Amino acid sequence: MTTISLDSLNASDEAQFVAALGDIYEHAPWVARAAYPRRPFATLAALSEAMMATVRAAPIEQRLALIKGHPDLAGKAARAGAMTAHSQAEQASAGLDRMTDAEFDEFHRRNDAYRKKFGFPFIICVRRHGKDSILQQFERRLRNDVAAETDAALTEIFRIVALRLDQRVEARDKLPVHGRLSTHVLDTHSGAPAPGVLIELLELSASGERRALVSMITNRDGRTDQPLIGGCPLPIGRYQLRFHVGDYFARLGTPRADPPFLDVVPVEFAIAEPEAHYHVPLLVTPWSYVTYRGS
Amino acid sequence: MTTISLDSLNASDEAQFVAALGDIYEHAPWVARAAYPRRPFATLAALSEAMMATVRAAPIEQRLALIKGHPDLAGKAARAGAMTAHSQAEQASAGLDRMTDAEFDEFHRRNDAYRKKFGFPFIICVRRHGKDSILQQFERRLRNDVAAETDAALTEIFRIVALRLDQRVEARDKLPVHGRLSTHVLDTHSGAPAPGVLIELLELSASGERRALVSMITNRDGRTDQPLIGGCPLPIGRYQLRFHVGDYFARLGTPRADPPFLDVVPVEFAIAEPEAHYHVPLLVTPWSYVTYRGS
Amino acid sequence: MTTISLDSLNASDEAQFVAALGDIYEHAPWVARAAYPRRPFATLAALSEAMMATVRAAPIEQRLALIKGHPDLAGKAARAGAMTAHSQAEQASAGLDRMTDAEFDEFHRRNDAYRKKFGFPFIICVRRHGKDSILQQFERRLRNDVAAETDAALTEIFRIVALRLDQRVEARDKLPVHGRLSTHVLDTHSGAPAPGVLIELLELSASGERRALVSMITNRDGRTDQPLIGGCPLPIGRYQLRFHVGDYFARLGTPRADPPFLDVVPVEFAIAEPEAHYHVPLLVTPWSYVTYRGS
Amino acid sequence: MTTISLDSLNASDEAQFVAALGDIYEHAPWVARAAYPRRPFATLAALSEAMMATVRAAPIEQRLALIKGHPDLAGKAARAGAMTAHSQAEQASAGLDRMTDAEFDEFHRRNDAYRKKFGFPFIICVRRHGKDSILQQFERRLRNDVAAETDAALTEIFRIVALRLDQRVEARDKLPVHGRLSTHVLDTHSGAPAPGVLIELLELSASGERRALVSMITNRDGRTDQPLIGGCPLPIGRYQLRFHVGDYFARLGTPRADPPFLDVVPVEFAIAEPEAHYHVPLLVTPWSYVTYRGS
C-alpha cells in the first residue's frame, strides 16, 4: 500500500486530495471532497476529525447511503469480489474464514436477521475483534433500535477509517488505534529477569479451537524484543500465554522435583480494549507463580 | 474385599494367618508363613516390616521366583486371566487401558526389551503412576544392571504389598501409602474465602489427552469438602486444575471488563511424590492471581 | 477464678444460682434472679440469651441503673477500689495503663464530656480494644443521641457479660467471644513449609509506641504450635508481624546477596473484628514475598 | 564543579591536561601526566582505563605512596582540613557524621588497628556504602594480608576516581558508576496502576536509626517521575519503603474494614550492589500484597 505524507496532502489540489483519500470512506469520495477546504491539517487527528465531522453533519439519507455502501460481512459480496481491497483484507483478519460449520450457520442466521431488522449491512471494524467477539456483537446489536444502531454502524465506520488513515498517511502524530500486548518473566527464585524462556501466544475460541499466534524467547531483561502483539488493534477475545519455565529452570540446574512441579505455565485472559496496553507478566519459582494485568 | 483386624491376625493360628495373608505377596504364601512366628504385631507397620524382612532374608533364587511370579504388565497374561484379581484392578487404574496405538506399541517394545535383558517381568506399583510415568519408568529401569533392577523390582513389590495390607488389615496405625491433593480459593479482592467456585481436575498426558477426574464446588471456607484426590497414592503425572472464577465474580457483581480479564484459571502442575500432600491453592482477584505448592 | 458447670447451675436452687451468677451483671444480681425460673438451660448460649432478654425487658430506669452501676473507665473509681475485681482486670488489658500523658489528658477530656452529655459512665468491653481504638470509640459514641448511646452501652455490657460467662461456666457449647490470629510461613524457593522461623508480634499505637506481644518459632509445618493470639477477643488495633526469614535462608545455605535482599520481613495490618479468625501468612523467597488475609 | 569535555581533553596540551585531571587521583598528578601521551581517548571508559593501567604498572612503592596520600577516613586529617574538597564531600555522604558514640568508638578502634596492621589509611569509596556497611568493610578487610589489602585499597581508589571522572568529564559514554532504585504500585483490586500513592524511603541502620531520604507520589502510571535514588551509586545498606495504600483506597471508596486491614505497607530490603538497578514494586489490594526485586 502506498503512503502519502500529511504535508503532501496539505499541498494538494482537490483532485489530488480526493485521489489520495477518496476511498478512505467506502464508496464515499464525497467525504474527502467535503474535507478538502478545511486544509491545512496540523495533525492527522485533525484530518480524521474533519472527515468525521463531515459525516456527522451529512443528512440522514447520505449517512444511510454510506452505511449501505459497505459490503455485507462475509456475505455474497465477499465472494463476488464487490468488496474494496481494504475490506477483504480486514475481514480475513477476524477469523471469519476459520468459522466452524455451526458458527457459519449461526453467523448467517444473525446476518439475515440484522438485514431484515435494519435494512443495511452489519458493519464492524473486524480488526478489533476475534471470531467469538464478532458473533457476540451481532447478538448485542440486534437488540438496538434503528437510531441506536445507525450510530453504532457509524462508530464502526469511524474505527475502520481511522485504521485506514493510520496506514495511508504519514504524520508526526499517530491516531490511537493500536494496542499492545507484552509480558516479562521474572525469576523470583534467583531474584533476576529470566532470559531464554519460550513464550507461546494462542488465541482461544468458544468452539474449543486453539490457534498459535506467535512464539518468542525472552531476552536478558526477561522481556521479548517485540511486543507479542503490537502495531494494530488487539482483537477482543480470549488468549493463552504458555511460559516454558520448566526448560528454563532445567538449564539453570535449579533443584526441582521429577517430574518438575511446574513445567509449561498457561495463563488465560481476555482482551476487552483493543487500543489498550496489556502487560501480562509472570513472576515464577519452580513452585509458585504470580500473574496479573500490569502496566 | 473382606478386611480383618490386626487383633484377629494376632490371635490366629498359622492356617488362619496364611489363609488371611497368603496372597498378599503374589503367588508367595511362604512370606506369610515365615512371618507368622513373629506375632504378635503391635502395629500394622510391624507386620509389614516383618514380611519385608522375610523377603529380604530369602535366598536370591527365592526372591527371583517371587519376582517371576508376578504377571507381565499388560502382556498376554493380562488377557489369559492368569493375574490375581488384585493385579487386574491395579493395572486398570494406571491408564494402561487408555494407551494410544503408538503408546501401546512403545509399551510392548520396552516390555520385550525388559524381558530379554532381565529374564523377569517388569513390576511396578501401577497405582502410583500415570500412563506417561509408567512408560518413563520402563525407560529408566531398562538402564539398570540386573542387581539394581532386582532391588528395584522388590521395592515395587513392597509398595504393592503395602497397599494391599492397607486395604486388607484394620489397625490403629496406617501405613503411609496415601497421598492427598487439596486446594482452596481465596478472594483477595474482598479479603475472604471464595465459596461456590467450580473446580475441575484433569489428568494430562504427553499424547495430548485430557481426562476429567473430578469436579467440586468450594464451600464457605473456600475449600472442597473432600480432597480432590485422597485415600490412595497420587499417580505421578501432570494435572490441570481449572478454577471457574469468572462465574464467581459475576455472581458477586464485582466490577470487571467485558469479556472479563480472568474467567477460567488453569493451573498445571506435576505430582512427583505419590504419598505426599499437595495443596495447590489460588489467591485471586479479577485481575491477578497467585498459586503455589502449599501445605 | 472458680468455674461452675452448666449442669450444676441447672440443678441449683435459686440461692445457689444467684450466688454463682449474681455478679455477672455488674452490681445487678436481679438479672440472675430473673433468669433463674427459665432453667434448665440446654446451652450456655441459652443461658446468656435468657439474661440478655431479662435486661432488654426491664424498664428503662432499671436499665439506666444497670449502666450507672458500672465503674467510670479509668476514673476515680479505678483508684478507690470501688470496681469489681472483674472490671479491674478487664481495664488493665486494654493498655489504659500505658497511655502517654497526652493520651491520658485526651481520655479524661472525652470522659468528662461523655458524663456531661449522657449522665452515665462510658462503658466499653475493653478486652475487644487496643488503646487507640478505645479513644476512637469515645469520639464516635459522643456523637450519639441518648437513646442510641443507651443501646450502645447495653451492647457493650452484653459483650462484657458474655466474656464473664465464658470464663465462669463450663458447658458443651462455647459463646462466640474469642478470635484467633495465626500465621504460617511457606518457602516458595524450595516449595515447602519453612520451619524454625522466628516470628514476633508487636502491637502498634498511634503515638508511635511498639509493644512486643509474643514471639514464636515455626514448626515443621511452617506454623506455630499455638495461635499468636487465641482464647480471647482480638483487640481492635494495628499490629506488626516480623518474620525473621534472613536467618532461615542463611541456615539453609540458600544463595543470596550480601547483605541479603530480605532479612526481617515486617507485615503491618489492623484487626477490626475481635471475634474473627485472622490468618496472615507469608509466602517467601529470598527475593520476593506475598502476604494476605487468609483463612 | 566545572566540567570539561572529552573532546577538549583530547585537544589539550600536557599542562592543560594535567591541570584538568591532575587531582583526579588524590595527590598524584603523575597519573594524569603518564596517561597524557595515550590521547586521543575515544571514550571516557578508555581514558579511565588508561589511568588505571598507569597505576597498575607503577612500582609498588609508587602505588603505596598513592594509597598513603589518601586522608585517614574520619581521622585527624578530617578535622585539620588536609583532605581535598572531593574527599570531604564524599565522606559526608556515608553517614560518617551521624555515628552514635558507640559506633564512633568502634570506628576508631578499627581505624587504629588497620593503620597498625597495614601502615596506610583505610580507603573506601564511601559513596557506595551506608554507615553500617563501612563498619563491616573495616572488619572484613582487617582480615586481609598486606598484598590482598593493597589490591583492595587500589580497587577502592579506582571506584573513587571513576566517580570523579563521571562528574568532571563530559563524554558520549558513561562510566557504569550509577545505580537506580525505582518502584511502582499496581492496584490489583481494580486492575490498574495506582496513582497518587505517597511513598517514603527510609534508610535503616543497625543502631535502630531510621532516616527519611525522600518521599514521592506515584503518577498516573503508578510510578514515580524520578527514581527514588538515581544518578549516583546506591549506598550498600538496609532501607524501608512505606507505601501509603490506605489513603489511596480510601480516596477510591474501595470497601474495606474499619480500621482498614492494610494502611501503610512497609517493605524492608537491602541494597548489595551499588551500581545495579533495584526495582521494588508493590502489587496490592486492600487485603493482600506482593513485592519482589524486579527489573
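Each chain gets a letter, A, B, C and D, in the order it is written, and its residues are counted from 1.
The definition used in the following text is that a contact is a pair of C-beta atoms (placed from the backbone, for glycine too) under 8 Å apart; a residue touches a chain by one contact, two chains touch by 3 or more.
Being a predicted model, the structure only gives us computed values, none of them experimental.
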{"item": "Intersection of contact partners for chain B and chain C", "value": "A, D"}
{"item": "Selected from C-D, A-D or A-B, interface repeating B-C by over half of its contact pairs", "value": "A-D"}
{"item": "Whole-Å separation of chain centres (CA-atom averages), chain A against chain B", "value": "48"}
{"item": "Where chain A and chain C are represented by their mean Cα positions, the distance between them in whole Å", "value": "57"}
{"item": "Shared-contact residues (touching 2 or more other chains) in chain D", "value": "188, 191, 257, 261, 283, 287-288, 290, 292-293"}
{"item": "Interface residues, chain D side, partner chain C - complex", "value": "133, 236-238, 257-266, 268-270, 272-273, 287-293"}
{"item": "Chain B to chain D touching residues, read off their complex", "value": "188-191, 255, 257, 261, 283, 285-288, 290"}
{"item": "Partner chain D, residues of chain A touching it in the complex", "value": "184, 186, 188, 191-193, 221-222, 283, 290, 292-295"}
